[in-house]
Amino acid sequence: MQKPIYLPVVAGLALCATSTLAETPVLQVLTYDSFVSDWGPGPAIETAFEAECACDLEFVGSSDGAALLARIQLEGPRTEFDVVLGLDTNLTAAARETGLFAPHGVTADLDLPIAWDDAEFLPFDWGYFAFVGNADAEAAVSLRNLATGDLKIVIQDPRSSTPGLGLLMWVKEAYPDEAADIWAELSDNIVTVTPGWSEAYGMFLDGEADAVLSYTTSPAYHLIAEEDASKVAWPFEEGHYMQVEVAAKLASTDQPELADQFMAFIVSEGFQSIIPTTNWMYPAVTPQAGLPDGFETLVTPAVSLLKSPEDAAAIRAEALEEWRNALSQ
Amino acid sequence: MLICEDLELRYDDFSLRADLRFATGAITALIGPSGAGKSTLLAAIAGFLTPASGRVSWASADITAQSPAGRPISMLFQDNNLFPHLTIAQNVGLGLRPGLRLSASQMSHVNVVLESVGLAGMGTRKPAALSGGQQSRAALARVLLADRPLVLLDEPFAALGPSLKAEMLDLVKQRLTDQGRSVIMVTHDPDDAKRIADAVAVVADGVVTDPVPTAALFDNPPPVLAAYLGK
Amino acid sequence: MAQRAVSISPRWPGVLSGALVLALTLGTLAAVALRADLTTGLGAADWAAIRFTVVQALLSALISVVLAIPVARALARRRFWGRQALITLLGAPFLLPVIVAVVGLIAVFGRNGILNYILIWAGIEPVSIYGFHGVILAHVFFNLPLAVRFILQGWLAIPSERFRLAASLNVPIGRVLEVPMLRAVVPSTFLVIFLICLTSFAVALTLGRGPKSTTVELAIYQALRFDFDLGRAAMLACIQFGLCAVAAVIAWRVTGVDAMGAGFDRTVTRWDMRRPFWDYLAIALAALFLLIPLTMVMLRGLPGLLEMPSSVWLAAMRSVLVAIGSATLCCTMSIALGLLGGRAVAVVGVLPLAASGLVVGTGAFLIVYPFVSPSDVALVITMLVNATLALPFVLRAIGPAIVAVHEDFGRLGASVGLTRWAWLRIVVLPRIRRPLGFGAGLSAALSMGDLGVIALFAGKAEETLPLAMHRLMGAYRMDAAAGAAVILLGISLLIFWICDHWGRSDVDL
């Protein structure tokens, strides 16, 4: 496999450099930034898929999940991308509405805690939102307990980050009628609200808060990659809101067969076995060898909360308004 | 011969009429109170101001529309006659060629002129390293080198002490009239005019008088000059 | 009577540069607006965001400028070992990507920061950085260096001859020299900082404790990313430009005329050097405030240097090239605009400050998308946009210097018959060398740290250093990311120092 190489000197001049190589078909996949980083799943998945497709798989990273949809909307039907990977259920309703996506046609035996039936959006991994804190410290046992107590947390802004939006939905799903009160109570626990996940997580690691909004799988990273068992997710009595990350084929793809092959590859062993220790989420289909050592130590919520994409889209404006009012007091 | 023909200079509520001839090869002084328009007239002759009407001509050719550099004129200003970041030799060399790449023969030419104004060996210094009098000499050297027949002096030596100023005026007379150049100098000091000018034109009340031989003028000053001189 | 323009420079490069700036600011806005559907009006939350944005920007600019005056004065008056290095270092916060600088601030002022350690040790109630005051603190941290540099330049531009004259006449230097200089320099400095803070986004959110600290820029982000409401984004961007216009007009109204005239480039020797204690106190406080957070960024990142993947170095090289390219472009455009001069240029020169980076990126995307694949032109677009966004600072630095060259030497140049090119080469460039070096360093360093546009355009092969850092953070590699931050900080400072030093290396004695 060879990637287009941008020699430093021509970098500035390569106005019309073409990124396709003759003969080899190219599959362009739009995904979020951390997916394509050296430590993310991108490189390994690229190698694995290219070993069986006789093609060039090209991941293009673009910020976060919300940015993916915005980018596809900007490009419209003329987009060169064949597949989008990394939307979540909070975005799928809006994504479906664009009419830019095609049915994936993949049938797979998904290992999700909920039933999944969606013709266009295919899950590739999932996880539970959770507050991650230090093992040896005091923990909250529920959203309400957190709100009434005085533990300090860092969260993300639902207007600019997917976990932020996830928490908004979590509170709304757990307390449909009391969400505003919960937020008002939480207000004094919130150290600050960051634009994205990275800033919040970094602040937590630097000791700025007792916990940070992240995933139940986050401690697995510390345990497996750093052999550090000091981080734990707090199990909450109300249950945990889920994030299901999905991929979808673009209707306008010029490589439909290749795109179909990739969609099928997504739920196959080659893709799924890479996910747990690179994206630090649960794979959509559990690999034959099971989950990596360490995942068995993770919190498994008794109750899985998830709004349907349509409900999530319908309630977002109202939930945001409640959130803004409660935290602006 | 430089001729100002029905020249009218105006801005805001200031106006000046000039209709006179300056003799070739002579030093003509423009004298008059401050604000009368001496420097304005010089600026118009040099091409920095567009006259409201009238023309300026040199050797029977109309130069009214020409750019400052296109005129047969070198000028010394009240200040900023040297670029502070260039050496004295570079500053002087600009008179020869408006770029910095001088040939060996041009360089030796620069050195000769520097020597003639008493700045031998100072070519590599920057203006700030020279005294006020030396800076004036360097500026004069540039004018000498430029080889243009008409030289305009807008009180370039005003900041010097009396004896240094006299020295510079003598140098002007000696070097420039030697070469047959015409000089028009602005001054507010009658002694400057008496010292080197062949003729004097009075600038006052919005009008420039015809040049009159210096001795004759001061022996029998017209009323405007008398008023200015306080006699 | 017409003062004949000493027209020594050609006009077209300036006109072209101006057109490019307009295209990338108002043009990109138009591109977004044209794609938009009819839009709804402003809600209560939008008004709250506008109010918050303006108030925090005003306060941040005011405090930055007020604090900068004694520091700049002290630096102008005192000579001490390491002064130049200190001046360069003091500029660092302005050059940093927000995300890096915030980490440094939190390490000092955060709940778990140095300050609170000291307070708790001393038995004093700990303080919280989060809230309105935190936003102001961060903005002052970012912009105090810029204010110090601009005002310091004003002080150094007073010719030493004037100080000597004032001393010999025994008149108060403050009233006859310093106050007029400040009246000329402070309003535009205030304006620049006000506008920077006006388009703030991540700082306000991260330190502002939530939706109370919503800025217009965040509202634009939400409109573009989450709601895909281009009309709303365009409308909010128009509001930013409107605020910019009002601020610019007010600033120009109160700007004094700087009529210092030319000196002979002697180093400033001051005749009013009593009371050194207060000067050194101002310098020491500023140094502590600005440098401790930077030190924390360094300390925090050093262990991570070993954990960085090699691709970070490749990204760093790419960033350096983009930075050099955008600095070259930015300086060329600024010189061209500076030579053109005039009120129109002044307007063009502040427009990019009011532009929303997100709208510029999105608009540029919409403009190029029909013709080429965005990731193919990612680096070129980044270079162009970075050059444009840094233009106000460079123009602000060299514009007055070019005007001064014209005023002081325009007639001499015309009289000796310098051609346009010779005038630029022999007179203008050497005489604006100091601000030009500063401007080149500033634009290069700003480009190094930029994450705005590249994030929208880039694929893997166009990864820049800030993007690589961000991606590392997103993959839990906080230590490696901190290491990348150290590289970023180091390279930015080095590039800035090289350019700035070049500008100062030929000061005539």
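Letters are used for the chains, namely A, B and C, taken in the order the chains are written, and counting of residues starts over at 1 for each.
One rule holds in what follows: a residue touches a chain if its C-beta (ideal position, glycine included) is under 8 Å from a C-beta of that chain, and two chains touch if they have at least 3 such contacts.
The model shown is predicted, which means the values in this text are computed figures rather than measured ones.
**Student:** Work through the pairs of chains, note which ones touch, and then classify the graph as line, ring, star, complete or other.
**Tutor:** line
**Student:** Which chains share more C-beta contacts than any other pair?
**Tutor:** Chain pair with the maximum contact count: A-C.
**Student:** What chain lies farthest away from chain C once each centre is taken as the mean of the Cα atoms?
**Tutor:** Comparing chain centres, B lies farthest from chain C.
**Student:** Report the chain closest to the protein's overall CA mean, measuring from each chain's own CA mean.
**Tutor:** Taking the mean of all protein C-alpha atoms as reference, the closest chain is C.
**Student:** Could you work out how far the Cα centre of chain A sits from that of chain C, in whole Å?
**Tutor:** Averaging C-alpha atoms per chain gives centres 35 Å apart.
**Student:** Taking each chain's centre as its mean C-alpha position, how far apart are chain A and chain B in Å?
**Tutor:** That pair's centroid distance is 79 Å.
**Student:** For chain B versus chain C, what separation do you get between their C-alpha means, in angstrom?
**Tutor:** 46
**Student:** Tell me, which parts of chain B touch chain C in their complex?
**Tutor:** 9-11, 46-52, 67-70, 73-75, 77, 79-81, 83-86, 94-95, 98-100, 126-129, 142, 146
**Student:** In the complex of these two chains, what residues of chain C are touching chain B?
**Tutor:** 1-4, 6, 262-266, 408-409, 411-412, 414-419, 422, 426-427, 430-431, 506, 508-509
**Student:** Quick one: which bits of chain A touch chain C in the complex? Just the residue numbers, please.
**Tutor:** 3-6, 8, 11-12, 14-19, 32-34, 36-40, 42, 58-64, 66-67, 69-71, 73-75, 78, 80, 94, 152, 157, 159-160, 165, 190-195, 197-199, 201-203, 205-209, 218, 221, 225, 278, 280, 323-324, 327-328
**Student:** Give the list of chain C residues in touch with chain A in this complex.
**Tutor:** Interface residues on chain C, with respect to chain A: 45, 48, 99, 102-103, 106-107, 110-112, 128, 130, 201-202, 205-212, 214, 218, 221-222, 224-226, 228, 300, 309, 311, 317-318, 321-322, 325, 362, 365-366, 369-370, 372-373, 375-377, 379-380, 383, 455-456, 458-462, 467-468, 470-478, 480-481.
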